[in-house]
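Think of it as A, B and C in the order they're written, each chain with its own count starting at 1.
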Amino acid sequence: MIELSNAFGPVGYEDRVHEVIKAELSPYVDEIYRDEIGNLIAVKKGSSRRVGVFTHIDEVSLVISAIDERGFARFESLGGVDPKILISQKVRIVCRDGKERKGVIGMLAPHLQKPGSKGDVPSFDELFIDVSINQDFDKIDIGDLAVVDFAAFEMGEKVSGKALDDRACAAISIETAKLLSRYREHPTVYFIFTTREEVGAMGARAAAEALEFDLGLAMDVTHHSKEDGIEMGNGPVLTVGGPNIHKGYFKKLDDYARKNGFSVQYDYGSGHTGTDADVVQLAGNGTPTLLLSLPQLFMHTPVEVVQVCDILNSARLLSGFFCSLEEVEAV
Amino acid sequence: MKELIKKLVEISSPSGREDAIREAITEEVRDYVDELRVDALGNLICMKKGKSGKKLLLDAHMDEIGVVVTHIDDKGFLRIDMLGGVSPYMLLGSRIIFESGAYGIVSTEGESAREAGEIMKNLDFDHIFVDIGASSREEAEKLAPIGTFGTYDSKFRDLGEKLVSKSMDDRIACAILVQTIKELKEPADDVYFVFAVQEEVGIVGASVAAFDIMPDMAIAVDVTAGPDTPKSFKRMGFKLGAGPTIKIKDRGSVSSSRVVSRLKEVADIRSIPVQYEVLIFGGTDARGYQVTGKGIAAGTVSVPTRYVHSPNEIVDYNDVLNTVRLLKALAEEGV
Amino acid sequence: MKLERLCRLCELPGVSGFEEKVASFIEKEIEGKVDELWKDSVGNVIAIKKGNGKSSKRLMLLAHTDEVGLMVKRINEDGSLSFTAIGGVDPRVLMGKKVFVGEEMLPGVIGFEAIHTQESSTLLKTPSMDKLRIYLGYPKKEEAQKSHKIGDPVFFSTAYEEVGEYAVAKAFDDRTGCEILLRVLDDVQGLSLDYDLCFAWVVQEEVGLRGSGIAARQIKPDAALVFENTTAGDNPELPEYRWATSLGMGPVLTFAHSGLVLDRRIFDTIVETARRNSIKFQYKRRIAGGTDAGRLARTMSGIPAGVISTPSRYIHSPTSIININDFLGVAELASVLVKEGKVL
């Protein structure tokens, strides 16, 4: 998961993450390929029942939109980034010429600030990346991509790093594929590592249309919040049947979890869920959809936190659940 | 090419009322394409055959922003609402030409100096009206009944290197595609030219035009901002005169990386000047193509334009010519 | 790497009041190179290289070992830690960062609520430091209390990095000064100076210039040179006339700062020396910030001082930037001044 977190994969440019996933996943699947729009798709062949598991691997990132002669670059965000967490960060910029360069999103020391501005955080229009430290900063161009330079690390039973939204769930997909190998009978499962979820789920939409599933399951992160009854360490979060979530399949998943002693938590979705599940449900003639979430702290910051046991338990739950479907009629 | 541009930009065809511009374009291209049809929404779709078996789709939207009459009062004054991103401030003092042939002038309310001031600070469509010179409801109803569509009334002017007119967005792209159709002799792939409807109100035409085609690559040709005027947005770094732009992203979509690199490749092969563009607002038809069916690798080529969505948009003529060269090059080199 | 020892100095943890590791490092470096060496009750490291007796005067070189950071002020019920600043730390530089907590340097993160759940009206408002938290993964207070207590120091975690002519790190303020003193000491090994050359690596400058006066009283110098790190405002959000200093223009010579006009004679000597040795320099073009020279001027009967600084962008944040050539310019100028002794 640390390797996945550290991989460079801004929205629309996830190739390096593909490499990490391929290396880990190839021995456990029958086929693995990249589609037209940029999703990475891995297939584990099984019965005639078709299940699609969607996790997105694009990370919120920055793209250079202007650069001046002194080496200060302006930027736009890809996906929703809070300007507050960008201040005083080091960034990695991967440039068109293939070279990686460094930058700092600088913050003025107090003595030089305008009086009365301490209460305000600079907006995207006022922030800049100091790339002047690179001797060849003139090679940096509009369109070059940047991510915060943060190395993921273990914190007790947890991991903190960037892009755990949603690569922590990609890790669940990988673990699920490994566990399925132990079962004799399982559905044909497509593990789809989608692109562009952060800007409108175009990747998932395309894959769901192209492949047509009996069941689509999306996995994404959700906010750890004690008041809402969702905490890290207490297992995967199941979104209950509602507009976006298929009631029949939800009941099966919930029953399976309870019968087999899994600790799960619950969430609700009163319309669309803001994840790949939104578009999966609308694909083709409609696809029954489920959403499983991983509790996470500090979403969309470089220091997102997840608990490792939640990932492993989610994989155990999913692999068991999928196989249990083989024993029943279609819902 | 200036005559062609003038002809297309001066036609008044707002979103949903594209007949006039569609006819004009059809007349221009009829003899140069292998196939031509109009789909259920009104998109004009033409095709020039290639040899490779692959398909390239080039798109420009035919509609321009406009207004529609929503109410007529006893004295013959009209109320309007916008079609697409029309700023009420841009309308003040502007002339509107309605499809019925009537002309209107836009002004604001204000029963006192204070009220007028407040209204000016937060101008919206509720507080402006249109004067078409009628003195009664009956007269106005004859000239521009409720439901009448209108656009800016503004003429094309040639400033030498720069051209100015209303609706460079997106007639300049229509002209570019027409010119490309005329000049393109040996396309590598089947090239579809889609003149789409209703982009300005929600990328309607482009969301479906490709459903039956499913090309290997779709490129929308549109205008982008012109952030090279005094103290304009410091966050955007492209400008007029440096060539067409290859869009990286806007608020509507993130261009397919394949499209971006192929465009740059082709530009380099033929020595065509291009720039990269990151637009911090806005969207194009590319978004519609990206989510059609199973998804299409889509991107945008833009013509830098100053004062977009005003009655007077300015482009650089060299950028226009280079855009034609770029699209021709892509069609000849293949996707 | 060009500045190996500066790298190690910058990465050491040493917030005001907790400078021990920096002090020990320095003591080890200077052992055997000086005639007298001691550490006083507050933690200042003081060393003397005695002169040949021709002059009875003493020159003190000074830099501070402390950096800005944070301190744990409360252990919350949910296992997170609330904190306050040590020295001038703007809350805006803290979010989304990894930090080390306590003498054992346990890793934690200062996160922030996800953008999705914030109100758009407060998205661009600076959160008060009281609202921020350090999260180390403890599920509740009792767990956290096993390893942490009120008063624990918290350090930024930035690793030092060189990029071409520049370096990015935490704590250039004032490890650059500490390193300048070490370099001067290496430079004068084997030389016989007419006067006593004293070195003071002092503590707690960031929390009120607290260590320097105490050190001066033990040394009783006739004059001092303070080596600091000063703010460079050269960035696109500030008009040029407000920059104060900029990177790449050489060492910064200060004629006045907040609370003090520097001794004129010493200042002129520094300028003349720089010019004579063709060392490019710049003036500090704003009366802002303060240094230990302010404390020295108010100690005993007043000690005149000069201030020479390495300019740095984004000081008092976890990611500052210096130009390596500016730093080497300071080192060169310091060396010449010490060898010539004209400031005394």
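Quick note on the criterion: a contact is a pair of C-beta atoms (placed from the backbone, for glycine too) under 8 Å apart; a residue touches a chain by one contact, two chains touch by 3 or more.
Keep in mind that what you see is a predicted model, and the values were worked out from it rather than measured.
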Q.
Tell me the fewest steps from chain B to chain C, where a step is a jump to a chain it touches.
A. 2
Q) Taking contacts as defined above, which has more of them, A-C or A-B? A) A-C
**Q.** Reference chain C; chain at largest CA-centroid distance
**A.** B
**Q.** Central chain (distance from its CA mean to the mean of all protein CA atoms)
**A.** A
Q: Could you put a whole-Å number on the gap between the CA centroids of chain B and chain C?
A: 57
Q: Between chain A and chain C, tell me the centre distance in angstrom, where each centre is the average of that chain's C-alpha atoms.
A: 40
**Q.** Separation of mean Cα positions, chain B and chain A [Å, integer]
**A.** 35
Q | chain B, residues touching no fewer than two other chains | A | 234
Q. Chain A: which residues touch two or more other chains?
A. none
Q | Residues within chain C bordering two or more other chains | A | 236
Q: Could you please specify the touching residues of chain B with respect to chain A in the complex?
A: 227, 233-238, 246, 248-249, 253-257, 260, 275-278, 280, 290-291, 293-297
Q. For chain A, which residues are in contact with chain B within the complex?
A. 11-13, 35-38, 63-67, 74-76, 78, 124-125, 141-143, 196, 199-200, 202-203, 205-207, 209-210
Q. Given the complex with chain A, which residues does chain C contribute to the contact?
A. 78, 88, 90, 92-98, 107-118, 123-127, 135-139, 158, 161, 163-166, 168, 231, 233-238, 242-244, 247, 286, 288-289, 313-319, 321
Q: Note which residues of chain A are touching chain C in the complex, please.
A: 68, 70, 72, 80-90, 102, 104, 106-112, 118-123, 126, 128, 130, 132-135, 148, 150, 153, 155-158, 160, 223, 226, 233, 274, 297-305
